[in-house]
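Some structures are shown below for you to check.
What follows is subunit A paired twice: with subunit B in the first complex and subunit C in the second.
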Partner chain A sequence: MARFALALLPAALLFAAPAFANKVFVTNERGNSVTVLDSQSWEVITTFPAGNRPRGITISPDGKELYVCASDDDTVRVFDAETYKELHTLPSGPDPELFALDPSGNPLYIANEDDNLVTVVDVRTRQVLAEVPVGVEPEGVAVSPDAKTIINTSETTNMAHFIDASSYKIVHNVLVDQRPRYAEFTSDGKKLYVSSEIGGTVSVIDMSATEPTIAKKISFAVPGILPEWLQPVGVKATRDGSRIFVALGPANRVAVIDAATDEVLDYLLVGQRVWQMAFTPNEEFLITTNGNSNDVSIIDVKAEKVIRSVQVGEQPWGVVVTPD
Partner chain B sequence: MSKVSLTLAVFWLAMLAMSVGRAAEVKTAVLRVDRVVGPPISRLDAPPADLGFAGAMLGNEDNRTTGAFTGIDYTLKTLAVVPAEAVSALEALKAEGIGLVAVVAEGDILKALAERAGPDVLLFNAGARDEALRDADCRPNVLHVSPSRSMLSDSIVQFLMWKKWTRVLLIHGSHPEDRLLADSYRKSAAKFGAEIVEEREFEDTGGARRTDTGHVMVQKQIPVFTQEAEDHDVIVAADEAGVFAPYLPYHSWDPRPVAGSAGLRPVSWHAAHEAWGATQFQGRFEKLAGRNMREEDYQAWLAMRVIGEAVTRSGKADPASVRAYALSAEFELAAFKGQKLTFRSWNGQLRQPILLTDGRVTVSVSPQDGYLHQHSPLDTLGIDAPETACQAFGG
Partner chain C sequence: MKPWLVALAAIVTRENLRFVRQRGRFLAALVRPLVWLVVFAAGFRAVLGVSIIPPYQTYITYEVYILPGLCGMIQLFNGMQSSLSLVYDHEMGSMRLLLTSPLPRWWLLFSKLLAGVVVSILQVAVFLAIAAMSGITMPPVGYVAVVPALLASGLMLGALGLLISSTVRQLENFAGVMNFVIFPMFFLSSALYPLWKMAESSSLLRDICALNPFTYAVELIRFALYGELNLTALVWVSASFVLFMLAALWGYDPARAMLRSKG
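Up next is the complex of A and B:
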């Protein structure tokens, strides 16, 4: 990758802010594969097999190891981000779907839907460090920027559970709307956004109060779209604290939210059944996975416009971009 | 829910927990009333001993997991009785202080139970399909988590219209419930523009359903029974009593698909359904029960989850408060059908998508695309507010 970036350097110098090409990894839930894209040309570099029903995907802070939830294999598969070779697997418990890596790169926090547990796995020793009992059907996982708190959302209990990262004990529970799927902190850690797919809302949880409380619930409305299909799933916050992007599932839209007021500013039309999203490291672009149109949409973050879509494998679900 | 009401709910939960000096207890029960019937046509359909109970147990487990975080304890009692003992069984549950009861029973029995239950008990109908219970005979102390006949027949006819299979040969049985179902199909056909080109009645002449002679006679009887019918695209079978419908596919005189009580069936749930997170739900049930989930199990699970949501969100556990919250605009329930389920406030019926299955896979889910409604597309299934004769809900 370094050599590739070097070759592009003369061209990059023409721009005010030189953008380096990064690799974009997209899991194809039905295709049982990962598609690799170039974040500058948006060409498909390659596609490699990733086990059965790959969904959640993340990458180590050094960009070397790729972690993929192979849901139907009941394991997390670890791949070399350069060679795409499978290195080993991690004990995940059954049916892993989403997870979050500690900002330091270790450990990995995995939601196990079948067992009502969050499994904490050491990615170096490949040992299970702890199993934290949570609500029914745990799904979304997030780690606070200070790495002190792990958030897990449970889809049938309808709670965000706040887990102390040192004791692995639940310290708070916040009731949110039906089927909470994803949790995302602002970069300053002051707010937590939790999407409720069936409830159709995003709860904004104030983290600066004495204990986490819901400050607001964001709801959505798009002319011509039945309210039932406005189903928030993936959430991403910009590092500068200005914008929140929310993937609205079968509404085929990404909502753009002003992070200061938590008001919806706009809806961007993307592909069909949008699941998850990831920024490029400089946050110039946001990539969305569109499960029913077998493509990803590329959003120009500053312009708040969809600039193109790229065909990937069958039923794309998760996405991650290599760090610089 | 606003921040204020959420804070209030947490406050009430705390009060609820404090009021008994330890974890508050929400007592629930499932009362199943079994009529003695012969074996079903297919032995695969034989009811398991824990029918409905296992679903309620899973719902109770789900509530208990949530309750562990909110300081609320949920208990479940399961009871199976014969019709003659139904009322005394309900009295016994009342005497134990159980005021939230899911009932898996036929319509006439549910009606008798509702009369006896009084205002201090809230019943959840997790079995009976009868339209009248949601209409002229509705009772204020009954919420229906089971879909009605008209919701089921509307689901099928919407699909037939989408397929442009609009000419229907309706074959119904001779039992009262078969005639009610046939009437429901007539109304659905009129509602969505299908044409019932001919009707035939398959009379139940009695006799054993299981014989050593097996399929040989069926293979001769059904073609004769269905021959020389008016031109039709599809056969719709109305056979709630379970006497003949499974014999129709492949045996009809004209090669036509079968829907209704056999072939493509409208159901609240079936064990092959996997969309919308259902796979994990099926897995949890199978781990608990050691068998596949039936409709009665799903419906009993729904009853428990309605109770759980109402208690968690309102912070109150008495039957009147559970009823009020369930019927309010705040109530919503995620139940593995792709959208939130809510109650019709005018008759206490839970709105829900209906799965259409061939017994192996989910073929489709109704309401079908394009059936629109001013409030919810789910209200294109079953009796709608302007038509209701139900008075007990202030409608």
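Up next is the complex of A and C:
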């Protein structure tokens, strides 16, 4: 009997394994919902309504609260990451599109596309702490790893604005290529990557210099694809500082970049109009949202291969994974 | 049992030797699918990806889609080539020598068939290796699982070749076989386009493709390359093999041939 029980043990462990899986949350811009996936089986667990035109999505560091930009409701909706119930809303200013949470979990920095502001919101007191006037059509938001600088990109002004996190004042502006969409720091904070959708480039900004300066512009080329289809949007950097992944929109490709040389190594084929991306906490997988094919593609980060694509709701836009 | 195996070994060895010695044939067998892969697939790149259908789990480029179809193409040509060599043997008299052996005729024909399949698997292996070198790789398990699939599809296509060789009496007629068997079989199958794509242009075309045994040979190979079994395809391929083999044996029946020469 004991031997029998022992024989069952590995099987029991195997069944217990899915408990370590993380939840993947995907906002469906046109489906007005959030799809929840399991990061091990990649099955859809559930879909829940998330207000009108949900786009940017992020999660609190403890993994309990899910923040969703409901762009057409002019608010940020906060959901319980376990029960998927809406807890409350946060004042966001009109048309919130993307945001970034301070590494400590508070405050939240929100880009308001329509009125050229970055709104700073305390997620505990639900009060607006500051409104920072920025360029026209603000979109991307990033917080430096030391939490001292907030980056905002403005789509029409074509600038990355560097905002001091204590005074909420713009301290630097860096002109980049047309329609900057997204900003991403390396984990050591020494480099900042800003994608320009229409310019078709990713600007590498050196943060270790006395003033932030563009060190390099990465451009892309895929045989058979028109240059105007190569529209960089989402950017993700691995924690170990080895790779940068760039979503190339209607080119249906994710570029793999060597972070040491900032040279493109490979292009991975994913679904249609790839937009935003998120790593699983151990960075084993990278999930991409594909807006036109209504699915997400899963990339094996180490192998640099797309392993599968999974149907989600209508027009997936943003993605976030629960922390461990 | 021993003489049976001796006969089998002799026929397989002869066929393989013939294949290796005929460098031109070896090159032709490789160049044909490679030209398709490099020129046709490149011209029709579908750079934005082919929609997901089983066994694929994500978007693929056209080169990846067309690969199993080209493996099938190698076997289809090889099956016809074997039948050509049978007609040749028939004309040259070496088949008469073979068929006078005391072993049953079906065994000799089966040995001949198996010999051709072994050659075709070697050709496919080299083709897959070249494809892998150019970056079109399959999961490792696929390279193992594809061997039994290639055996089944090769036997089916070889049996079809046998059947045709039993009706073709002269080498000159072989060009007709090429036109009326190889091309329709290859083009009216899932080798170049998925069936749903065919259905977009015409449902009749799709139905023809869905009845073509070559479609199932390709699908059997396609799923096997991803370590999966497509049972429908296996049933179709096996049933077609039995049908073609029985018809070929009937065609090679000496009593029938005698009757015909008398008549």
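Basically, the second predicted complex is superposed on the first by the 305 of 324 C-alpha atoms of A that agree within 3 Å, B and C clash if a C-alpha of one lies under 4 Å from a C-alpha of the other, contacts with A are read in each partner's own complex, and residues count from 1 in each chain.
As a convention for this text, a contact is a pair of C-beta atoms (placed from the backbone, for glycine too) under 8 Å apart; a residue touches a chain by one contact, two chains touch by 3 or more.
Just so we're clear, the structure is a prediction, and the values are computed from it rather than from any experiment.
In the superposition on chain A, A:222 makes contact with subunit C only, while subunit B stays out of contact range.
Taking subunit A as the reference chain, the count of touched residues is higher for B when subunit B and subunit C are set side by side.
Once the two complexes are overlaid on the shared chain, A:167 sits clear of subunit B and of subunit C alike. With both structures placed on the common chain, the touch criterion links A:309 to subunit C but leaves subunit B unconnected. Within the superposed three-chain model, A:252 lies in touch with subunit C and out of touch with subunit B [touch as defined at top].
Within subunit A, no residue touches subunit B in one complex and subunit C in the other. Those residues of subunit A that touch subunit B in the complex are listed here as 95, 113-114, 116, 135-137, 155-159, 161, 170, 173, 175, 177-179, 197-200, 213-217, 226, 228. By the touch criterion stated above, subunit C contacts subunit A in their complex at residues 45, 47-49, 52, 57-61.
Those residues of subunit B that touch subunit A in the shared complex are 1-3, 6-7, 9-10, 62, 65-66, 69-70, 277, 279-281, 283-284, 305, 309, 312-313, 332-334, 339-340, 376-377.
Listing the residues of subunit A that touch subunit C in their complex gives 222-225, 251-252, 269-272, 297-298, 306-309.
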